[in-house]
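Across the two complexes that follow, subunit A remains constant while its partner is subunit B and subsequently subunit C.
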Partner chain A sequence: MESLMIDKTKSTPEINFDINSGTLWIKGESFPENAAKFYTPILNWIKEYLKKSTSEMVFEFEIIYFNSSTSKIFMTLFDLLDDEVQDGKKVVVNWRCDKENETAIECGEEFKEDLELLPFNILLL
Partner chain B sequence: MKTIFTKEDKLIAKAEKLIKSNSFKSLEDEEEYRALLDEYKSLLKQVKRIIKMSDKTQTELKAVSEKLNVISHIDALTDLYNRRHFDEVLQKEWHSALRSKDEIALVMIDIDYFKKYNDTYGHIQGDKCLKRVADIIKAYAKRPRDIVARFGGEEFMIILPETKIKGAVRVGKDILTGVENMKIEHSASPLKQQILTVSIGIASISPSKESSIEELLTEVDKALYTAKNSGRNCLRPI
Partner chain C sequence: MKIRSLFKKELDKEESKLYDNSAIKVLWVGCIAIVIALLFMSITSMLITNNAVVEKLKKVDLKNMAGSIASTIDGRVEKAVDASLMLSSDPMIINWIKSSNTDETTGKITEEKMREMVDFFGYDTTFLTSAITNQYWSYADGKYELLDVVSQEDPDDKWFFDSISMNKRYEINIDHNKELNDTFVWINTLVGDVSKPIAVTGIGMNLDDVIDSLIEEGQNELENNILLVDRSGIIHLSKNQEYLGKPLTDYLPEQLAASIIYTQNKASSFKSMEYTNDAGDLYDIAYKTIKDTDWKLIVEIPRSESLGFMRTIIINTVLACLFIIVLMLIMLNLLTVKIANPYKRALQLNQELENKVQERTRELNEKNNNIQDSIEVAKRIQENILTSENEMEHIFEEYFIIWEPRDIVGGDFYWIKKFNDGLLVVVGDCTGHGVPGALMTTAVNAMLNHIVDEKCHDNPAIILQELDGLLRQSLTKNDAFSDIQDGLDAGIVYISTEKEILFSGAQFSLMVSDENGVREVKGNRNTIDCIARNEECIFENLIIEHTRDMSLYLVTDGFTDQPGGEKGLPYGKSRVLSELQMITKMKMAQQKEKLRDSFREYRKSEMIRDDVTILGFKIK
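Moving on, here comes the complex of A and B:
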């Protein structure tokens, strides 16, 4: 499997997953015109990777702004990761936000509340 | 309506009632129904969270947009309205005066020998001076609809709606004396008193279909030039 890299655009974040380090960065702003179209290949890639890999996977989210469609996608992803953890996989999510950005912090807390086992850390920068 | 999800809550209540009624044909059917209901509940919870997050973001964006709106109409140095706001308000007041057949007056104020002031005392002192003059102008044009704006570098403009030339001259005189009374030293001023002074042009018009905003602006500009050519530290109405 090859590493996944997608450059950021005006409305989509930078995606960078280095399979050697097992860290997936999602960085920037996310308000794609068609969130399903943008994120489906990424979700598929993650599912495929989870099937093949046994090592720990770390998700680093550094999203300054995201729209409602993106939050639905993130929830789908977190649900998926939550299930993976239940099945014994090692996955961690770091929700990184500026300590001044109250909205980003509160949104992180909203995501966290729905999860059962997935470690979800809110990191203030 | 206690929540925005009344319909969803009713649906869940109905489904739970059905489960309690034991009317399923088989245990498998009941279990499948229960699982579907749980799935529905968890998806509904997601929707509620998305709406909550979206509301939060929208509230924040609204506040930012309001702040930007204020900033985009204010001159940062003097705290007066900027040229953009002046143009917008003048347009509105012009049309309002056209309908009500009222007069509208403009007062244009220019600091005398400001370049010399800057050259002598430095730009930081020059900025402070602009701020003090701006404050004086604001203090004398204080009716709710009066608009004081920074028009250019050291030029200020007041829109006085429903005001005849006589009323505008009164405001102008107050400003002239107000600035003089501050007694800001201006050693490079060729004027005898060697203090900071302003020149003021005043024009008023009762807008008609034959007249235009540009005409009014030209008139007030001419009036200011007349004041400048009459030795400065004075006002000239047209």
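Moving on, here comes the complex of A and C:
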């Protein structure tokens, strides 16, 4: 598999998954007109990767603003990762947000509440 | 299409004109410049060469030529003089004369000597005329005979008596015989004492042969003419037969002819002149007196002839000019094919592309206008679905509504209905914005109407639950993305006539402002989406205690999450709360303006991310 790299645009974040380090960075803002269209290939890629890889995965989220459809997709992803952890995979999510960004912090907290096993760290910057 | 091709033709014309005006002009200017330079050079060099050649012709060539001709003639004459002197001083001949032509021995020797002169030395005639006997002996054409006995009475014999008394050793006479068309040079030499001569002897020599050979020689070189003119200016020898016997003045300007005839220059030196004849041809002329005579030898060369090589220069120049023009034409052709054409082609392509772009832009504008129009219509429809200001004024005692879709239509909506037993207020934010969001709002609007009519209108939690159920039924069909579903966030408030206030929110908060200040009442965390969860969404009703002059606010996340400020972070709920705290005592209309101002000031240049809706109303 090749590393996944998508440059940021005005309405979509930068996606950078380096398979060597097993770290996925999602950084920027996310409010695409069609969130499903943007994220489906990324979710498929992640699913594919999870099937093949056994090493630890780290998800680094640094999202300043995201719309509700993005938020639903993130929740879908976290549910998926939660299931993976349940199956014994090592996955960590670092939810990075500015300490003044209460919206992001609150969202992170809500995501965390819904998860059972997936380690979800809210890191204030 | 027709118009376009017409336009294209026009364009082609334009371009070829453009091409003509620049490239061809430059080429022609270059071509003409080179030709002019070449002509200038040729003319200059021709003039220089011409001057040099004419100078040389006059000073050297003509004199050399005339000199060689003259020296040939002079040489022949001198030799003839020598031969004559030899005859006149021969003692045998003198003895024979003294014997009155009677001594046979000396007579035989004299005959031998005279025969020798003709047969061996090539003279035409030898003669001997005795002053003693007046016998005129001659040897010519192999015949030795006594031709005549001269007498003073015979005018034909005048020459003899003139010679006898000439008082010098010899005399040269040139004599033209019209009948024979011959020119003879006679060398008359006195025998014996010059003051008392006993006889005249000498040689006759036909000069025609000499001049003919000279003329023949000259013919190979130049178109010259050699003239022999006597003291009266009559032409005796000429290449041109017409000239013979005619005066020189017939052919040369009078002044020039006179100066030639009367000049007594030394035999050795040539004079050169030039003249233009009646036909306008320029001639160079050289002349001199023939030695010991007053005859004149004239050599004449047409300038055009001597400068004949100039014609070659002119021809070469013309050829060079033609060559350059041909070369230029070839270059022009190359330029057209190799250089100009790609350029022309590029221009054409560019124009074609521009036309296409214009066409597309026009099409896009048309489509955009159509879409814009249809969205404008959609906006009217959406506004009609939303509760009208008129209705709201009847329902609320005091309120304000901010409804600003990011695009023309949006996913935010508000829905307010008054019942006999109370008032139901709904503010929602459907997933997405623009047209998809607006479509959702119409569906939700219909569902709400259905629920309040058919199910219940006084229980917000149940209404949310019903909404969830209906959406799930209608929107999960045919969805390609099983993971990702549409839905909505919504806050519902029911206020009974007894002022019991119930709130239920799906990912939605209610901002409550009362005497304790402004606070957020959070609804349920879960949103109304269509994710096929196994468990049903459970929504709760929250009871809001009624106080006097309280205000309620329903704010969509388009307002709270709008990035802005120094760091580009979202506006945030606490900012909403503190803003409301500041303005809550104001009139609702004023609060609306304050909130809008605050929003605008916070976001600065950041683009609006989402639809924005705030409904604020007071409860007495």
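Points worth noting:
Throughout what follows, the second predicted complex is superposed on the first by the 125 of 125 C-alpha atoms of A that agree within 3 Å, B and C clash if a C-alpha of one lies under 4 Å from a C-alpha of the other, contacts with A are read in each partner's own complex, and residues count from 1 in each chain.
Just so it is clear, a residue touches a chain if its C-beta (ideal position, glycine included) is under 8 Å from a C-beta of that chain, and two chains touch if they have at least 3 such contacts.
Note that the structure is predicted; figures quoted are calculated from it, not measured.
Placing subunit B and subunit C on a common subunit A by superposition gives a clash between them.
By the document's definition of touching, neither partner reaches A:E56: not subunit B, not subunit C. Of the two partner chains placed around the shared chain by superposition, neither subunit B nor subunit C is touched by A:E48. Of the two partner chains placed by the overlay, subunit B and subunit C both lie in contact with A:K72. In the superposed model, A:D7 makes contact with neither subunit B nor subunit C.
Look at A:D18: by the touch rule set out above, it reaches neither subunit B nor subunit C.
Counting residues of subunit A touched by each partner, subunit B versus subunit C, the larger count belongs to C. Listed for subunit B are the stretches 40-48, 148-156, 166-174 or 220-228, of which 40-48 clashes with subunit C, judged after superposition on chain A. Touching of subunit A by both subunit B and subunit C, each in its own complex, is seen for residues 65, 67-68, 72, 102-103, 106, 110, 113-114.
Only residues 429, 431-432, 434, 481, 483-487, 489, 507, 525, 527, 529, 531, 557, 560-561, 563, 567-570, 572-574, 607, 609-610 of subunit C touch subunit A when the two sit together in their complex. Across the complex, subunit B is touched by residues 65, 67-68, 71-72, 75, 102-103, 106-107, 110-111, 113-114 of subunit A.
Those residues of subunit B whose C-beta lies close enough to touch subunit A in the complex are 42, 45-46, 49-54, 56-57, 60.
Looking at the complex, you find that subunit A touches subunit C at residues 10, 29, 31, 33, 35-36, 39-40, 43, 64-65, 67-69, 72-73, 76, 98, 100-104, 106, 110, 113-114.
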